[in-house]
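Some structures are shown below for you to check.
After this come two complexes, each holding chain A, first together with chain B and then together with chain C.
After this line comes the complex of A and B, so read on.
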């Protein structure tokens, strides 16, 4: 009898604890527009800040928060302060799904819109799991180049900002054909929509690839990299080795080459996602000598180019509001997206709604200003942001300088469209980097 | 009596479901799902004495079976979940037959190998959708529940119902002759064999049932994230579930809800602690893992039979 009683007691206690834990918060009153009050706009970002992807991209939320703090100190957006809530998803699709759901649900974080969601596999899963389409949650300036996010039938509330991997691969193909004709080309890419996007871009660009290796997300081990490089090292001449992966994998490949003494066997080309010199050398301890001469594509000015007005303004904001964090291309990208976000919020007007924000970007987004050296392509029929690249070469200090000394920018699309030389003139930065658009 | 208890508990959950917001319902669904997974471990390890480090693989088998049933074969979602349990159960049966002779660390090692290798098998067969996986869509809640009945409440109802039914089933099972023979087999296989118990067959039976339950919880898990993919079942999931089972009492089903709560709550607590205390990058990244491990060690040292026994001892002293 005693045994049965105490067993019942434990199970009832468990039930009560479970019940109590769930009712800890009372149901919040439903705001008219979720995440917006008279004094605050809540935005959310799901991105990795731990794990190897965290080392590569962990600076983004901090950079965005720094820029938003700067704007808040200068009146906010029509008097409302911007609060950015960040949830670490460790670059795992399952976590991204639950974190994004948490950001969006009213009794979770209850944000107005998402900004800067990072990762292809992570965000494709999160978008579906968190029912972003159903709730019409604006999904701004995603940190991924997967061209599929521009498809409004699948992602009706999403706006890309980075040029797609397909675009990058096409322009890279042109660059390789013009400058390295006759050399074998090898490709190492992430095995999901990210890498496959790149593969189709290379095909559209008409590049013959001698060897393609696909690896599951962030799982290219040192051993596999070494065996890969040993095999590729047998190719004649000086093969071009293209790495379309995250920075942690670029680092693994480069460090494997260092230990095999194969650094100078290849012409290295790093895709924009995995090519930030500061992260490779500082975060992942790749030798500066190895990245010296590496080719990389970018659509921004180099983060060390202090003569650029956007770079120097962002550097000032970083020094004041993001203390202790070194300024690099990742921080530049984060702050640029934050600047675009502020312009989008301004363009949506004082009566802020989710529908209003989406149509504001559609109608006025192409006129937003930012550090990008290529145009933004938002319209009623296009969710594509930046659409082009220039090619540069890294020096031992990690600065990306235009290849051949002259800055040549090219734009294209994610399909079979032509690659065109761009004569885009970037608009001057608003005073002190504070947008005044409406 | 047990049935009344379960129905009563189900009633509480029903009322609760109307009173809390969607996010809490979402978390509650995960609690129920993990509780079910922990129940499968308790059946296998606590009652029949076989250690499995690979339950995430069994959950994956169930999840994929369910997803294929719903997406590829167009079956009704309930059938999909049943398929998840059945296919995983059959898989467990076959697996059990293979590993029946293994015990202790050898069984653990085999299941570990399974956990590491099985999910990546999905990358080899295109029908399994590779890294992108397969959609697992249970559809919208029935219209008759009205406009306000959210998707998350629907998830909550499905998870709680499935878990309640299966845990009740297991609770019944272990209080029958089966339960006693399982425990006999766990505590002294040789003595059990000598008294006429077919240890081999019982081990396989336990493995099969445990796998079926794990498969169902796998199906529920991927329902909550709207799709199955290999990355949903990392090795760390096996360890988390085992940890949850140990922390709340490996030999007793009573703590499964608490175990599920712990698994869902720990990352949350760790996150909020970390944001309050701050600290270096390395600290923030590793603190949640440290918390779970510390809890496990404390549990093993102070409450090896689960907190239920502590309460019992306390009452006995009175």
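After this line comes the complex of A and C, so read on.
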């Protein structure tokens, strides 16, 4: 005998359930916002704090935590304390996916939003694996210049903070053409979106490059760097050598030059992601004399410029809440992203929701204050944060001084838009570095 | 329903099922007499009194029914996964001691699971299908027959749960979709996708191996008769020796391993570390980048600490997983070509660059950069006469696809489990069922709330290294990787949830599900988690 279900009974039961469901759907939504309580906002960050990427960028989560601690000590955000949960992904895509999933899962860390994730490959993998789009998890201030994250169809909840690599290359093109006309230009760039974005930016910027070397991430060994520099040393004059890679690779190239006594052969230009003097000298043991005179693009004030009000305030916070960690561009970047986060949370209002946070950045993000010396570019159609650069020259103390003695800021987009001189004036810092926006 | 070759009696049942309001009596089907014996089985410290009945159904599939003395009213009907449809001589990895086609019935994924369920009062049943290989139709019918036989013999059977592993999971789901009312709950585990999706998955990888590493691999279009059998066995040997050559090369120089001597690709391609080519094949086919040994994250202490996880481990994972996928491709292609009358694998129109998608960015370092990736994809391009594509026999494909294809029409509670790094039935197969079900809800063919998916993931980091920095193969099998590699407690959790669902007609509450898996750190439930579908579906 096989018992077949009574269709009539099933139909009646189904009808009752359906009616119940209709009643329920008319009630107001009662679901709590994940990661938010009356007293706490839980945020998460997956980024490297170990391995070579950890040496270069490992201070970011600590700097963010320090700033959040400072805000918590000053009342939090509408009375809620911010908790930042950090997971070390070692800059590895598969691990970043696992870590991010762990951060987001309700039965895991259950965070409200992600902030400050680092890396293109890592975050591309993590975004999809952790279903951030489906979960509608705000994905704030990602530390990558990959322009692809601006695609709101693929990354509807993502906001990057760095100017895109394409913007950087375009502005760098203008800078080189205007200041080093006649010198051969060589490019050493990571053979991924980093380099591809850069190469397309140089093309859009109309810069002629005599030699382009693209290397896969983690493959530029000391031996390869020496071989490259030996070859490039044959270029006539004092070639401009542009390095668009991570700080560990910049260090490998500079140390190879030291070894080959080629420090003065080139005019060195480090891309913004790979040019932190403190990390190069302190972390990777590049000689101070080697970086002396090196050019670097930046959208921040110099982290050693104690006269800058943001730098000064962040230094104080760092000293109190991030004890034992030296202040540099990486710490500055982390604190700045934390400050943007606090403003975003405030702008989203007391009734915090994921949708509200995303909407707040779209609508008010361009007005957020921060240490950046270039404009913020957030809007309903733009998810890229800063959109410009200035060029400076490092001295042996690692201070980045405006090239030619005058701060010149240029802005552009990631496409074929013009490169424009900007008269952007950074808004005054809120009192004691504590945002009061709404 | 038309795809089921049902017996006269069972056709009567299915027709009746569509129109019945109450209970339908099933005519007794002709079959060999049961052989029933009362006996005991050990289950932990208990001894369980059982009656074990074996027999042969009218299609000559062997079956087994085990009824515990203390029956709780629920029968669990298990469908086993795919088995080789050929006798194999001793072949390392594939069949170390040689193997004959196995027609034995299975009532549970393991003896330990069976004993535990019997101790809890569940009756168990299952068949050993009369035709092995890709036997979806026969497997569905065998399950249906054993249900009929069990109900006939034991009228006290109240609820029936259909469950199964891999192809058996697909059969369980296909049974429930085609025969509403035959079962009260379903638990597909490591569910397989359709024949075409699975053969595309394994076939793509095998085809890539042939192009990159060893053109001697035949891969498809095996001859008829004994000659074809010999070709298939020869292919197995060729595939295995190619893998051994790749493994040896990576062992000598993990960072920049050389291509095997059998490779005929141009020198420019051979300048790329062969690990990147292995990874590329895995990514375009959908082979997981985590395997039993390799987690794509850990590295040995020292200079390779992060480089290993970034650039080497994903490729080694694909190599470890791919060896079995390629073996499956050889045996499954041979089986399906015989079964359906021609070549069923087809990549004549496949755009492998598109298949790679975002993985070209995610694994760019392990692929040795964008330039190398473009070079490798260029070699696999349909425009390269040195890498000829395969065109299937249209009639054979049509025949293959004429069997029942899942609709996602779910009427009884269904609880599935799938591992995120399953290398034979990738997690995308379970996701496909989810998608089909959601589509079915959208068109109001199914009601919501009938499907629960439980995911099984490996730990974040599990690769271990020797003092010298070499990866060490685990002594056990890493949970969350490999095919249908669930622990006994995980399987029991699924079985109990399914049995509970069969009783109530509902998916257990989230509280009950949480309680059921609270001691299972590698299991999680997240409705929004969506692993990629098999490449054939993308």
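To be clear about the criterion, the second predicted complex is superposed on the first by the 407 of 438 C-alpha atoms of A that agree within 3 Å, B and C clash if a C-alpha of one lies under 4 Å from a C-alpha of the other, contacts with A are read in each partner's own complex, and residues count from 1 in each chain.
Note that in this section a contact is a pair of C-beta atoms (placed from the backbone, for glycine too) under 8 Å apart; a residue touches a chain by one contact, two chains touch by 3 or more.
Here the structure is a predicted model, which means the values were calculated and not measured.
Applying the stated contact rule after C-alpha superposition, one finds that A:53 touches chain C and leaves chain B untouched. Contacts of A:94 after superposition on the shared chain: both chain B and chain C are touched. In the superposition on chain A, A:215 contacts chain C only, with no contact to chain B.
Looking at the shared chain after the overlay, A:294 reaches neither chain B nor chain C. Shared-chain residue A:128: touches chain B and chain C both.
Of the two partner chains placed by superposition, A:228 touches none, neither chain B nor chain C.
Looking at chain A, you'll find residues 2-3, 6-8, 14, 50-51, 92-94, 98, 101-102, 105-107, 121, 124-125, 128, 131, 191-193, 216-217 touch chain B in one structure and chain C in the other. Chain contact summary for the complex, chain A toward chain C: residues 1-8, 14, 50-53, 90-95, 98-99, 101-102, 105-107, 120-121, 124-125, 128, 131, 134-135, 148, 190-193, 195-196, 214-219.
Against chain A, the residues of chain B that register as touching in their complex are 5, 9, 12, 16, 19-24, 26-28, 30-31, 120, 123, 130-133, 135, 151-152, 224-227, 229-232, 234, 252, 254-255, 257-258, 261, 265, 271, 281, 284-285, 307-308, 311-312, 315-316. The touching residues of chain C, counted against chain A in their complex, run 13, 16-17, 20-26, 147-148, 151-152, 155, 181-182, 289-290, 295-297, 305-307, 309-311, 314, 358, 361-365, 367-372, 447, 457, 460-461, 514, 524-526, 528-530. Those residues of chain A lying in contact with chain B across their complex are 2-3, 6-11, 13-15, 17-19, 21-23, 25, 27-28, 49-51, 54, 58, 88, 92-94, 97-98, 101-102, 105-108, 121, 124-125, 128-129, 131, 191-193, 216-217.
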